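Two complexes come next, and they have one chain in common, chain A, joined by chain B in the first and chain C in the second.
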Partner chain A sequence: MVPAAITLSVVAALAWLLWLAADVPARIGSARWVGLASLALVPVWLLLVSYYAPIEAVQGIIQKIFYVHIPAIIPTYFGFVLSALGGVLYLRSREERWDTLAAAGAEVGVVFCTLMLLVGPIWAKPAWGQWWAWDLRLTMTLILWFIYVAYLFLRSFAFGSDTARTYTAVYGIAGVGAIPFVYFALDLAKGAAMHPVNPAREGLPPEMGQTVGVGMITFIWIFAWLVAKRCELGTLQARALASRLGAH
Partner chain B sequence: MPWVIAAYAVTGVVLVGYILYLRAARGAALRDQQRRS
Partner chain C sequence: MSGPRVFLEVFRKDLRLDLRSRDRLGHMAVFAFLVVTLLSIVVPVSKAERLSWSPALLWVVMLFTSLLGLGRTFQSETEEGAMELLVQAPVDRGWVFFGKALASLVALFAVELWTAVLFTVFLDVDWSAGLWGCAGAGVLGAVGLAAAGTLLSAIASGARFREFLFPVLLFPLVLPDLVFASRITADSLAGSEIAGVSWAIFLLYDWVFVLIGFFAFDFVLED
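And now, the complex of A and B:
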């Protein structure tokens, strides 16, 4: 049931974001309800982490970091795929609204990727005795982060021009090519990695699976709300830029 | 336990920090727009 709810959340969040991005000023009001719903999920998730999920036999209490580290992965991938999707829609239509969606997806994706990269070492140090290892999974995740930080720099340096939008759309589409390398890094590393196995194949006890599932759903909706708010900001900034250019 | 608290605290700081950035940037964009209209 939980995997179905996660899939449904991803599909519903994607559909809502595409609908919203098509006309941000008229539809941004709906973000309030998504924001409230995702905020309501936070205490549920934290209560499950604190009282429902059992303490893992080997790692003990520090394994509770799992319930915040793993949920950050879906919004990271979701953000970068959304950025590529926005880029494709922009290249097809040349409409600024899709470029705004692409920028929002990349930026919020970077926020969650940063979160994952910060929380991971806090878990790795007590669990494996070291903050970081240059194995394939960690290195590829860091490269993915750099790819999209560079994307954001590229956007900020060339804000507002059609050429910049075209370049960043192509860059964003190419960037998602790194995601399979991150996901399958553990298979490619053939055991030479700090992470033992992809969590999806771990076969968790039901309580742990349900708790991490609720965490994923919570993060998906927080992500969707943040993308919506970033789209609103992008639209406002584009208007301000247009009025500034019009004044000259 | 301190590691767990640190991980959740970092999560809170990153997400709340980003929300505050969005609010501040939105306010600045709205003020900019009002000044020019």
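And now, the complex of A and C:
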């Protein structure tokens, strides 16, 4: 049931964000309900993490980082998808609203990517005996983070806002084009895997699986809510700029 | 004026500029010489270790050297105000991309040959062991660098902090290029067979970036 709810959440969140981004001022009211829902999910997730999920026999309490680390994956990739999708829609239509969505996706995505990279080493030190390993998935996430950061730098350094929109759209698309190759290249270069191939296949206890599943759903909706608020902010900024230009 | 014609003219102009002023090629050659010299002094003394490091070092030298050359792909245009004229050419601007990228590719080939000579002289690398594999890696690696580099150089030249932004944009996206090229170089030198799938994926990478460059240039040059 939990995997189905995760899939449903991703699809619903994507559909909602696309619907919202098409007309932010008129539809931003719906963000309140999403915000409330994700706010309600947070204590449930925390209670499950604290009391429902068992303490891991070997690693002990430190393994609880799992419930923050794993759920951050979906928003990280979600943000990437939104920035590329927004970029494509912007290049096709030249409508600012799609660029706002792309920027929001990238900015919120980088927050979750950073979170995942920060909590990972805290867990890795006791679990693997080292802060960092050039493991496939770890390195992949780091490269994704670099692409994200380059994207955000480009957005703030480009001359003029139209240029920034076009350039970042192109860079977002090129970034998504490069991702499969980066994955393959890292596999070729490093190969050694520290991360489990697929936790589900290794017989994770159901309590742990359900807890991390609820964490994923929580993070997806927090992500969606933050993206919506960022879209609202972008729209307000554009309006403020337009009225200032109009006043002159 | 047709698209291929624009491509040829841009290519010829850039090539002529490179050959006459020798700015780009000269700077890259001196820079590569300097880096290889430093590396030769710094890397381990034992020959086996040195040879196992060489392919990766070679491609890192190529990457840093290409920053010098590719970063200035659009300098002549922006300085002389020719960008506006280039944009007005009544063809797909992708052809301008092809012209620019091909000129950069020629420059990269020249630097590759020069770096290979330097590696032979200073690091005692014997290319004859895997000449064809190394040449293939050289061609595919340079195509990827030229394609991604030309596109990102055009983007970086429309932004502040160009010198900082260009490598920040370029490095994560050409990481696969670097890995494939140095892997194939290393395996060829070691005398082992290169799997067909490695070539295929490398080729696909180049193809994807040439396509993205061609189609994205329409948007990039517009603003």
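We take it that the second predicted complex is superposed on the first by the 220 of 248 C-alpha atoms of A that agree within 3 Å, B and C clash if a C-alpha of one lies under 4 Å from a C-alpha of the other, contacts with A are read in each partner's own complex, and residues count from 1 in each chain.
Keep in mind that, in the parts below, a residue touches a chain if its C-beta (ideal position, glycine included) is under 8 Å from a C-beta of that chain, and two chains touch if they have at least 3 such contacts.
In this text, all values refer to a predicted model and were calculated from it rather than measured experimentally.
Chemist: Of the partners chain B and chain C, which touch A:237 in the superposed model: first, second, both, neither?
Modeler: A:237 contacts chain B only, not chain C.
Chemist: Determine, under the contact definition given at the top, whether A:149 touches first (chain B), second (chain C), both, or neither.
Modeler: second
Chemist: In the superposed arrangement, which partner chain does A:222 touch: chain B (first), chain C (second), both, or neither?
Modeler: A:222 contacts chain B only, not chain C.
Chemist: Looking at the overlay, what does A:69 touch: chain B (first), chain C (second), both, or neither?
Modeler: Once the two structures are laid over each other on A, A:69 reaches chain B alone.
Chemist: So, A:13: does it touch chain B (first), chain C (second), both, or neither?
Modeler: Touch status of A:13: no partner.
Chemist: In the overlaid three-chain picture, which partner chain does A:184 touch, first (chain B) or second (chain C), both, or neither?
Modeler: Second partner only, chain C.
Chemist: Pick one for A:114: touches chain B only (first), chain C only (second), both, or neither.
Modeler: first
Chemist: Find the residues of chain A that appear in the contact set with chain B and again in the contact set with chain C.
Modeler: Touching chain B in the first complex and chain C in the second, no residue of chain A appears in both lists.
Chemist: Can you list the chain C residues touching chain A in their complex?
Modeler: 148, 151-152, 155, 158-161, 165, 168-169, 171-173, 175-176, 178-180, 183, 198, 201, 204-205, 208-209, 212, 216, 219-220, 222-223
Chemist: In their complex, what parts of chain B are in touch with chain A?
Modeler: Where chain B meets chain A, its residues are 1, 3-4, 6-8, 10-11, 14-15, 18-19, 22, 25-26, 29-30, 32-33, 36-37.
Chemist: Across the complex, what residues on chain A touch chain C?
Modeler: 91, 143, 146-147, 149-150, 153-154, 157-160, 162-163, 166-167, 169-171, 173-175, 177-178, 181-182, 184-186, 188-189
Chemist: If you look only at chain A, which of its residues touch chain B in the complex?
Modeler: 46, 61-62, 64-65, 68-69, 72, 108, 111, 114-115, 118-119, 122-123, 125-126, 222, 226, 229-230, 232-233, 236-237, 239-240, 243-244, 247
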